[in-house]
Amino acid sequence: MLLPTILIVPLAAGALSFVARRRRLMESVNLVAFAALFILAVALVGQVLRAGVISGWNGFLHADSLSALVVLLTAFVGLVCSIYAVGYFREDERNQVFEGGSAGAIAVSTLRKYYALTPLFVFSMLLVALADNLGVMWVALEATTLTSVFLVTFYGRATSLEAAWKYAIIGGVGLSMALLGTILTYYSAHNILATETLASLNWSVLVTHAAQFDKTTMKLAFILILLGYGTKAGVAPMHTWKPDAYSEAPVPAAAILSSATLNCALYGLVRFYVLASRCLDGNYPGRLLLLFGVLSMGISVPFVLIQRNFRRLLAYHTIDHAGIMVTALGVGGPLGAFGLTLHMTFHTVAKSLLFLCAGTVFQHFRTDLFGKIKGGAIRLLPFAGTVFFMATLAIVGTPPFSLFQSEFVILRAAFTAGHYVSAVLFVVFGVGIFAGAVLHVGGLVLGPSEPGPVAPWYPWRDSAVLLSTAVLVVMGFWLPTPMFDLVRSAAGIVSGAQ
Amino acid sequence: MIFWQDPQFGNRLITMMAALVLVLQILMVAQRSIVGNIRGFGIQSFLLASIAATIAYFNHATQVYIVAALTLVFKAIVLPLILEQLVERIQIRQEIEPFLNAPLSVIVSGLLTLVAYIVAESLHRPEQGTAQTSLGHNTLAVALALFLIGFFMMLNRRKALTQILGLLSLENGLFLAAISLTYGMPLLIELGITFDLLVAVLVLGVLVYRIRETFDSMDVSKLSRLRG
Amino acid sequence: MAGLLAYALGMAAGLAGYAWKRTGAWFPKLLCFLSLTGALLELAASLGALFSRSELAWSLSSGIPYLTYSVRLDPLSAYFVLALSLLAAAASVYSFDYIPRSLPGDSSGVFSFFLNLLLLSLTLVFTASSVLFFLIAWELMTVSAYFLVVFHHESEESRKGGLLYLLMSRGGSGMMLIGFLLLAVGAGSLDFTALHGIGQTLTPSFGAAAFLLLFLGFGVKAGIIPLHIWLPAAHPVAPSNISALMSGIVIKAGIYGMARVFFDFYGALPVWAGMSVLVIGIVSALLGVLYALMEHDLKRLLAYHSIENIGIILMGFGAALLFRSFGYPKLAALALVAGLFHALNHAVFKCLLFLSAGGVLQAAHTRNMEQMGGLIRRMPSTALFFLVGAIAISGLPPLNGFVSEWLTYQALLSGYGATPTLTRLAFPVAGALLALTAALAAACFVKAFGITFLALPRGEEAAKAREVSFSMRSAMAALALVCVLLGLGAAWFLPVFDPIIQQVLGFAVSPNLVAGNGLILTAGSLRSGSVSTAVMAVLLMLLGAMPLLGWLVWGRKSTRAAGPAWDCGLPGLTAENEYTATAFSKPLRMIFAALFRPRREIQAEFEVSPYYPKAIRFESEIEPTFEKHVYDPLRHSVLAAASWMRRIQTGSIHAYLTYIFVTLVLLLLFGVRG
Amino acid sequence: MIEQVVGVVTQMALVLFLSPLIAGFIRTLKARLQTRRGPSVLQPYRDLYKLWRKGMVIPETASWIFTATPYVLFATTLLAGLLIPAISAQAPLSLFGGVLAVVYLLALGRFFLALGGLDTGSSFGGLGSSREMTISAIAEPALMLAVFTVALGAGSTNLSVVAQSALGQSWRFLAPSQMLAFAALFIALIAETGRIPVDNPATHLELTMIHEAMILEYSGPYLGLIEWSAAMKQLVLMALLVNVFFPFGLSSDWSPTAILISLLWFSAKLLVLAAAVVLVETTNAKLRLFRVPELLAVAFVLSAMALISTFLF
C-alpha cells in the first residue's frame, strides 16, 4: 500500500496548490508534501531492503532497490528544493521580477504555476521509477517533459520561450525514438511470450526471458532507446537543449531537472540495458554506451573552459556527469555498475546543492554572467559563496568529497575491464573540466569585491543549502550502512546479478 | 474461401495502404501550404486507422478496434481541427519555406526510405516465415521510413507549426510500427500514448501561440539567442 | 599517531573560532599550540618507529568497504614524517606571533584550520598505505595548500599563483591516478603492501607507462623542470610560514612518492628509467639555480632554489636506480642515502631560510631585495640564522648541506668505476654539473645575504626595520641548530637510514658508511674517501683562533679606527653607491645570455651633457623560457580549440535536430549489423 | 700517533711559511722576465710583517661579517693545506677530508670574502664579489671534472690514496688522460689564484680588478691575513697539482730523512710550476671578463676529453 501513497502524495499536493488562493498556503502544502514524501521514500527503502522486491496494484507498480534508490534521491532533491523555493520566490517578489514587475496578485498566479507543476513533475518522475511496465515508464518520462516545459517558461522571457521550445521539440523527438525502441522490444519479446496482456511489457517479466529475444531487433531497439533516453539524459550529441533549459528555468526547478530527472532518464536506460545485455552479450550495448559516454564528457570540456554564464556552466557539468555515468554503465560488470549507482547518489546531492548556491549568488548579483561580477562573492555572501566554491570542488571530483571515490571506482572498473583508452580520456577530460570550473568559479568567489553590505543569513535558502551541504560532507567520509546496502544491491540489479 | 477472409488478401491490403501512407508522407514533404499539410496528416491518420481496423478484422483482435477508433477520433479529426484553428488564431502566411527546396527534399526522403528498407531487411527472418513476420518486415520498413521522413521534415522546416506537424507524422510512423508488428501495444499503453500525444500537441500549441506573440514571427530559426 | 588527533582538534578549534567571531588574542596562540602538540607527538612517533625498528600500522574502516583509512608507519614513511614534524613544530612556534601580526584579526581561525588540515593531510600522505586513501590525502594536501596560498586572495598575484598551482597539481594527480591504477590493477589490490615489487610483474610496456606517469605526476608536485612553473608563482605569494612549509615539506611529498614508487613498488628498473631521472635531476638543479640567480624577489629566489635542490635529490635517486639496474646494491644504498639525506637537509634549511625571509618581510614590508640592505644591524639574530641557512644550502662545510652533497658526489664518482658501457660517462659529468650548481648557489646566496643584510639600507622601510619577536626567532634558532647538528653529527645520524635501506635493499647501510666510531663518514669504505665534518669544525675553530692569538701577542699596538669607506670621491657614501642585486648577477646574465635572452632598456634624462644624466631609469628582465615557449602556446591552442568547438552550440534548433538525425541514421546503417 | 702530530706541525709550518716565498719568487721572476729588477724574493714576508704592525681602519658601514672574514679565510685555507699531501704522500689529516673537502673549504673562504666585499657598501666591493663569485663558479666544473679524472684513476677521493697510487706507477703522467687533466687543472689553478690572464693581482684599475676590489677596504693585520691566505691558497693548489701528477720524490711516511729529500723535490717542482705560471702571465694579456668563460670552457673540454680518454685507454 506504500507505493500508491508515494504516488498520491505529490498528485494531491499539486491539485491542492492549483486551487490554493494564497501564497503561504501553496508554500506550506509543498513543504508538507515533500517532507511526507521523503519520509515515505525512506520507509520504502527500509521495506525494499527487507523484502527485496515489493509491488502494488497487482504488479502495475514494482519497486526493487534500484527504483527505491531513484525514489529516495528524487524525494531528497524535492525536499531540499521545496525548502529553498520558498526563500527563492520571496526574494524574486522583493526584486519584482515577475511580469508587471509588481508583487501581489500576479505574483501569486505566477507562483501557482511553479507550486502546482513541481509536484506533478516529481510525481511523473516517481512513476518512472515505480512503474514496472516499460510502456508506462515511457509515458511517465514523456510526462516529465510536458510538466517541466512550463517550468522552463516560468519567467516568460523571450529567451525562456526559446529554451522551452528547444526543450519540448528535442525532448519530443527523443522520446518518440525511445517509444519506437520500446515497441521493437515488445515485438522481439512478442514472439516468445505470445501474450497480449499488459504484463508482457513488464520489465520483471521480460528480464526473465530476455535471453531468447530476437537479437537483431533487440540491437535496433537498444540503439533507439539509447538515443531516446539519452536525449532525456542529455548525452552528447543530444545534449543541446540542456544549457538553455537549465539557465532559463527558476533555480529550484533547474536543480530538480539536473539531478533527479537525469537519474530517471538513466534509470530508463539501465532497465533496457539489462534486457539488452541479457539478450545480446554485454559487449554490444557496452561499446555503444562507452562511445556516447566518452563523447559527452569530451564535448562538455570546451564549453566549461570558456563559459560566460555560471548556470550554463553547471548545465555542462551535468552533461559531463551524464557522460560519466553512461561510461560507467558501458564499462559494466559489478564494479562498473557499483560505480554508476554510487556516482548517481553522490552526483544528485552535489549537483542540486551547486544549483541552489548558484541561485543565491544569481539573486544577490542579479546576473548569472561571470563577466558582470567583479568577484569576492566570499565576502558579500560568506555562506553561499563558500559553499558554492566547495560544491564546485566536489562536483569536479576533488577529495574529500565523495564524487572522487565513485569516479575512482569507475576508473578502476574501466582499467580492470581493459578499456584503457576510455579510462585515459576520462581522466584527461576530467582535468579539463576541473580547470574550467576552478578558473571561473574561483574568479567569482575569490578576489576583491565591490563595496556593499555583507548578506545576512537567509533563513529558507541558506538552511536548505546547509542541509544538503551537511549530507555532502558526511558522505565524503562515511555512508550509513543501509544506504550503502541499497546502493550495492541497486548495482546488483544493474549488472544483472540476480 | 472467400477473399475477404483470406489473410493473404489482408496482408496485401495492409501493405497497399502502408505504401499509400508513405506516398502521402512524401507528398507532404513536397507540399507547400500549411493547411494542406495538416489535411495530409489527417488523411494519413485516417489510413492508419483503417490499417488498424483491417488488422483487427483479419486477426480477430478485438482490442485493436478500439485503437483504430481512438486513432480515428484523435489523430484524424481532433488534432487536425486544433491545428487548423491554431493557424486561424495566428494569422501567418500559408507558405512553408523549407531549407531545401521541394525536389531536393523529395530526393532526400527517397534516400531515407532506402535506409529504412536496408534496416528492415536486416530484421527480416524468412526462415520463420509466418504471415506476421513477413508483414512485419514490410510494414516495419514503411514505419521506419515514415519516422525518418517525419524527422527530416522537422529539421527541414522553419516554422514552429510545421515542426509540430513533422513530429506528428513521425508519431504516425511509430503507430504504424506498433499496430502492424504486434497488433498494437497493450491497450492501456495505447491510451497513455495517445493522451500524451494530445497533451504534447496542446503544450506545443501554447508555445507556438506565445512565440508568435513575443517574436511576431513563427520562424523558429530566428530563435537563436542562447548560444555557447 | 595521537598527533593526528591534535591536528584534527586544531582544525575543529579553527572552525569554531571562525564561526564564533569574537575571539581574544589567546585564540590564535591556542591554535598554534595545538598544531605544535601534534607536531611533537608525530616527532615522537616517527623517531620511535625509526629507532625501535618497529613498524606500527592501524586502519579504521569507513562505512564504505572500498575505502579503509589504513595508516602504516614503515621506515620510509617515518623518515618523512620526521622531517614533516620538525618543520611543523618550527612553523607553529613561528606562528605564535606571526599569525596575529600578519593576518587580519578574525581570519586566524580559518587560517589555522587550513594550516592544521595541511599538516594532517601531509602526515596522511606520508603514512597512508592504500592507493585510494593516499590519493585522497594527496588531494586534501593540494587543496588545503591552495587555500593557504590564496589566503590573501584580494591580491591578483596570489590568486594567479594559487590557480596555476592548483591546475598543475590536478594535471599531476591525473597522471598519478592512471599510474597507480595500472599498478593496482596489475596487483589486483589497492593496498601498498600488495604493491611491493609489483613493477616487475607488469608487462614491460605497462610497467614503463606506470613508471613515467608516476614520475611526472609526482614531479609536478616536486617541481622538476619543465613542470616547475607553478612553484615560483605560488610559494612566494603565500604567508611566510606557509611558504616555509610548502618549499620545505610539501614538495617533499613528491619526493616521498617517487621514493615509494621507485624503490618500493619497483625492483630493478631498466637503464633508461634511472638515466631519465638523473638527467631531469641535473637539468632541474642547473636551471633552477640559474633562474634563482636572476631573481631579486627574495622569496622567489628561495623558491627557485627549491627546484635546484629537488634536482640534487633526484641525482641521488637516479644514480640509485642505475646502480640497482646494474646490480650494485651497496652503491645503490649510498646514492639512495645521499638523496634521502639531502631531502631532509633541504627541508630543514629551506624552512629556516623562508622563516627568516618572513621575518625580513615583516620588518621591511617588501620582497624586493633592491629595497633592503643593512638589516644585519637592525635584526642581528635573523641575519645570523639566515647566514647559517645560506651556508648550509650552498653546500659549504661543515653544515648539513655539505654532507649530503658530499655523499652525492661520492655516489656519482663510484658509479664510474662500477657501471659498464658509455653510461658510466654520465656520472662524472653529472658530478661536474653538480659542482657548477653548488658554486652558482654559493654565488646566489652571497648575493641574497649580502644585498639583503649587509651595507646600507636602500629603502626607508628597511631603515626602520626592527628585530622580529622572540617566538619567531626561537623557531629559526631551533632550525639553525638542527642544521648544525645534522652537519656535525652526520655520522651519528646515519644509522637512521638502516631500516629504510633494510626495507628496500635488504641490508643495513651504516656499517659501510661510518668509521672511526661515528666520527668519520666514508663513501662505502675508508679507502674510497672519507670526511669528518665534526673534526673539520673543531680544527676551523682552532686555526681561526691562531691569528687572534698572534694579534693578542704582537698586534696590541696596532690601532683600530672606524672610518668611511671609499666613496669614489663623492660627498659621503650613500645607498646609491651600493652594488644592486641586478648588478651583482649581471656577469652571469651575460655569460648565460643564450638561456636568459635578457632584455634591457635604459631611459636617461640629460641636463647639460650626456655625461651628467639627471635621472636614469634602467629596466632589465629575462625571458621566462618555459612559460613563453611551452605553456603559453599550449594554453592558447587549447583555448582556441575550445572557442572553435563552441560553435557546435549555434543556438539553432535545426542544427541540434540535425545532430540527432545524423547520429540516428549512422547508427541505423552501421549499428544494427555490428 | 706521534707521527701524526709531527706531520701536522711540519705541514702547517710548511704551508704557513713557504707560501709567501713562492709568491715572492713569482713576483721576482716576473719582474726579471720583464727586464725589471723587481723586489727581493723575501718582500712578501716584509709586507706581512709591516701590515701586521700597522693600525687599521674599519668602514663604519661594515658589520661583524667584515671582521670575521679574515679569520674564516685564514682558517679554511690553512685547513685545506693540511688535507693535501705536500712533502709526504701520507697527508696528515687526509682521513678527515679528501679532495672534495679541499675544494669546498676554499669555497667557504671565498664565500666569506665575497660577503666581506659587499659588507663595506662601496661599489668596488660589490663589483669584486660579483666577479669573483662568477669566475669561481664557472671555474668549478672544469676543476671538479679534472679532479674526478684523477680520483677515478685511484678509485678514491682521499688525496693520500691518490698520491700513493700515483707514486706506485711513475711515468703514469705520460698517459694522455693525465696530461689533459693536468692542462685543465692548470687553467683552473690560474683562475682560482686570480692570475693573468684571468685576473691581475697587481692592478688597481676598477675595470680590471677582481680580487683586489673585494679587499679594497681591508687594512693592517686583516689585510695581512687575507694576503697570507691568498698566498697559502696558491701554494695549496700548486702542491695539489705537482704531487698528484708528478709524485716523484714524495716520501711515503714522515721519517726525517725522507722528509728532507722530498722537501727538496717538492720545492723544485713548485719552482718549476711557478715558472710556468710566470711564463703564462708574461706572455699573455689579461682577458676581458666576458672572454674568461671561453678559457674555462676550454679547460672543461680538456678535462672531459681526459675523462673520455681514461675510458678509451
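The first chain written gets the first letter, and so on, giving A, B, C and D; residue counts start at 1 in each chain.
The working rule: contacts are C-beta pairs under 8 Å (C-beta built on N, C-alpha and C of every residue); 3 or more make two chains touch, one makes a residue touch a chain.
The structure displayed is predicted, hence computed values, not measured ones.
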Practice problem: Quick one: how many steps at least from subunit C to subunit D, stepping chain to touching chain? | Solution: 1
Self-check item: Furthest chain, CA centroid comparison against subunit A
Solution: D
Quiz item: Using the average of all C-alpha atoms in each chain as its centre, how far is it in Å between subunit B and subunit D?
Solution: 101
Quiz item: Just how far, in Å, is the C-alpha centre of subunit C from the one of subunit A?
Solution: 44
Self-check item: subunit A and subunit B, separation of their C-alpha mean positions in angstrom
Solution: 32
Quiz item: How many Å are there between the centre of subunit A and the centre of subunit D, using C-alpha atoms for each centre?
Solution: 79
Quiz item: subunit B: which residues touch two or more other chains?
Solution: 119, 122, 151, 154, 163, 220, 223-226, 228
Quiz prompt | Residues of subunit A touching at least two other chains | solution = 165-166, 169, 173, 216, 220, 243, 303, 306
Quiz item: Which subunit C residues touch at least two other chains?
Solution: 646, 649, 653, 657, 664, 668, 672
Quiz item: So which chains end up touching which?
Solution: A-B, A-C, B-C, C-D
Quiz item: Which positions of subunit C touch subunit A when the two form their complex?
Solution: 62-67, 132, 135-137, 139-140, 143, 150, 153-154, 156, 159, 163, 166-167, 170-171, 174, 177-178, 181-182, 184-185, 638-639, 641-643, 645-646, 648-649, 653, 655-657, 659-660, 663-664, 667-668, 671-672, 674
Practice problem: Name, in rising order, each residue of subunit A that touches subunit C in their complex. | Solution: 165-166, 169-170, 173-174, 177, 216, 219-220, 223, 227, 231, 237-238, 240-241, 243, 284, 288, 299, 301-303, 305-306, 376, 378, 393, 398-400, 404-405, 408-409, 411-412, 415-416, 423-424, 427-428, 430-431, 434-435, 438-439, 442-443, 446-448, 477-481, 483-484
Quiz item: Considering the complex alone, what residue numbers of subunit C touch subunit D?
Solution: 374, 376-377, 391, 394-397, 402, 406, 409-410, 413, 416-417, 422, 424-425, 428-429, 431-433, 435-436, 438-440, 442-443, 445-447, 449-451, 453-456, 516, 520, 523, 526-532, 535-536, 539-541, 543-544, 546-548, 550-551, 554-555, 557-568, 573, 575, 577-579, 583-588, 590-591
Practice problem: Provide the residue numbers of subunit B that touch subunit C in the complex, in ascending order. | Solution: 99, 112, 115, 118-119, 122, 144, 148, 151-152, 154-156, 158, 163, 220-221, 223-228
Quiz item: For subunit B, which residues count as touching subunit A in their complex?
Solution: 61, 63, 119, 122-123, 125, 128, 133, 136, 147, 151, 154, 160, 163, 167, 170-171, 173-174, 177-178, 181-183, 185-186, 188-189, 192-193, 195-196, 199-200, 203-204, 207, 210-211, 214-215, 220, 223-226, 228
